[in-house]
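Here the chain labels run A, B and C in written order, and each chain numbers its own residues starting at 1.
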């Protein structure tokens, strides 16, 4: 995850990032190895503190790891253009903003799904957790929905990229907030009331809960509400991101802040 | 027996090739000969110019001399020390300044940048303060030295580079296109600083692609093109290459490529170069002195809009063009 | 003598630069706090002793983060600034030039350490009684210096990889995991322990804990310092070969 932290530092990386992710030197450490270590870290901290089960941490961290590609890559669709000084050209085109940016989100969601699915299967195998075979298809669906909702949050960050330069710092803080609030490692019931209340409004929270229940053998029907909530939250962020994009683009044209690399 | 005065910089048949690979899936390795057998000498206290177009091998040559690149073959000595075998001793005795905005710590002040390099060059602690003071004075940054470099203009950065390059009072200074990208007034100040280095008795190697700069500053010039030295001598020597020539300047508008080729092959034409000026292309046609070509040329230019036409004496720039053009 | 001066001044100036970058200073302090917070929630159910254990462990995590995420790309960063060539062209030994850079990186981690201890105190009420203040004041700088030396080895070994930053980041979690910051080594399979023993942060962590909670920190301090010195020695040996190859292959000025 910290992979992502430095990933966008110094601008240079954001320049290469759009295409650079696919380099094996980045992809393997950032998307295959780091999530496994994040899972192991919390599994062992959990064992050391003697609280939740291994399965709890494997699922929580595997799902949360999709936030790395989803938030960072999505927000980079703007930050990267900005760095390459191509943002102005893109925004000068008559292309509709909705397809323009939503189109960019599809590969990002795919990347997120891959990262989470790999982390879940490899991490699960290393730690040795058992998931009922009947739940695998529904967990896969949860991963897709969760990646999509995290990407929506990334769209909000992307829109802020029209206004602020330090989206890398912002994204890292968002990643940290998700780690603490969304029940990734600490059950919502253990958090202070105000924190678990805020968590209801974040992506991930409901998805992780749904995946945990499915992994414990509950039926798809019983978690339908959670999946629906996750999808709804994702849609809300997508809408917010889109509106913010239009608003900040308009403001940027008015205040002439778009070209200021 | 009196010792033979040695050259401060001796370069013998220096070569350097680069290997680059292209392609993502099927990598091909390509060898580029950047410097192909360069030899020259610079005497003590001399201001020597290495003149050439972009990509001629100037920077590669300088980087071998300052120990940053190992030559593919050939030798180079600075103050009698081999740049590969005695690199550390060479480094102590030389200063290096390159043009452009990079090479400074942006988040530090000029003073801190200089303090850092004073340490790297082992300037004795007691001498550091007065030395830095004097240099800030010399390059005109006194009073701004505590500001962070990120707020500096191009010219200020370049002057800071010079101060950094001579912090340890090296007897030999290498300047790689130091005035590049600096505005005309700033560049003139920089040239004055460079001249003062030579006056202080330092041996200076300067690379540039500005003719007038080489003309006004250098004692001797070597013209380098495509990795080879094509001429060497004083500015006066080089001008004499074209002393028996005359130059006709013809202003044209929208001249066709074929027409230029036709002119180039016309009898009596030694070389042609083109300068873009606003909408006009100015043809600089060199020919032997006494040969009255103007009418012939104008006849050949029928169908092309022609503006001002003038014949003049050749300059160092024409000599340079002739050299680089013949070598092409 | 002049070597010591060079180390000191290099360290001061690079520390100055790092503190002036919002990324290194602000995020470097805030980011480990998220992990510390999670750890505090998890250990809260245990004894107060467990919380103190977690607080000390989390505080050292930031020192490692500050170093591992930055050191791998340290030389690459000098390249972008166009300063790598100037540093190489200087007569000072290149190790004396690079070591202060990575030492400054680990020193920046002290902000994170202080912030984590303070956060634990203010938000989770973890009081910090230090049993041996003198040993604690020795253990912390020794740990910082050894981690910085480890960063030096990383910096010189990764110089050929343009994506060194990704590799450097990759090392953040494993060291957090196996150096005993939040997980006792006894929980790991046997083959992990020798790896932990080769890592200076393991001993630095032990030294800091023993100094704070009570115990004999000195042997651990010695091990930590010894490993740091060993890393530096290897780094110095690597550096010479590396620079020669860079000069032969003309890779000093590539960005």
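In this text, a contact is a pair of C-beta atoms (placed from the backbone, for glycine too) under 8 Å apart; a residue touches a chain by one contact, two chains touch by 3 or more.
Predicted model only: the values in this text are computed from it and were never measured.
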Remotest chain, chain C as reference, centres from CA atoms: B
Chain occupying the middle, per Cα centroid: C
Length of the line joining the C-alpha centres of chain A and chain C, rounded to whole Å: 28
Whole-Å gap between the CA centroids of chain B and chain C: 44
Chain centre separation (chain A, chain B; CA means) in Å: 52
Multi-partner residues of chain A (at least 2 other chains): none
Partner chain A, residues of chain C touching it in the complex: 22-23, 26-27, 30-31, 33-35, 37-39, 41-46, 50, 54, 65, 69-70, 73, 77, 80, 161-163, 165-170, 172-174, 176-177, 182-184, 187-188
Contact footprint of chain C on chain A as seen in their complex: 2-3, 5-7, 9-10, 12-13, 20, 23, 25-26, 29-30, 33-34, 37-38, 40-42, 44-51, 166, 168-169, 172-173, 175-177, 179-180, 184-186, 190-191
Residue numbers on chain B that touch chain C, as the complex places them: 16, 18-19, 63, 66-70, 88-89, 91-92, 96, 100, 102-108, 112, 115-117, 119-122, 125, 164
Residues on chain C engaged by chain B in the complex (per definition of touch): 2, 5-6, 9-10, 13, 16-17, 20-21, 81-83, 85-92, 97, 244, 247-250, 252-253
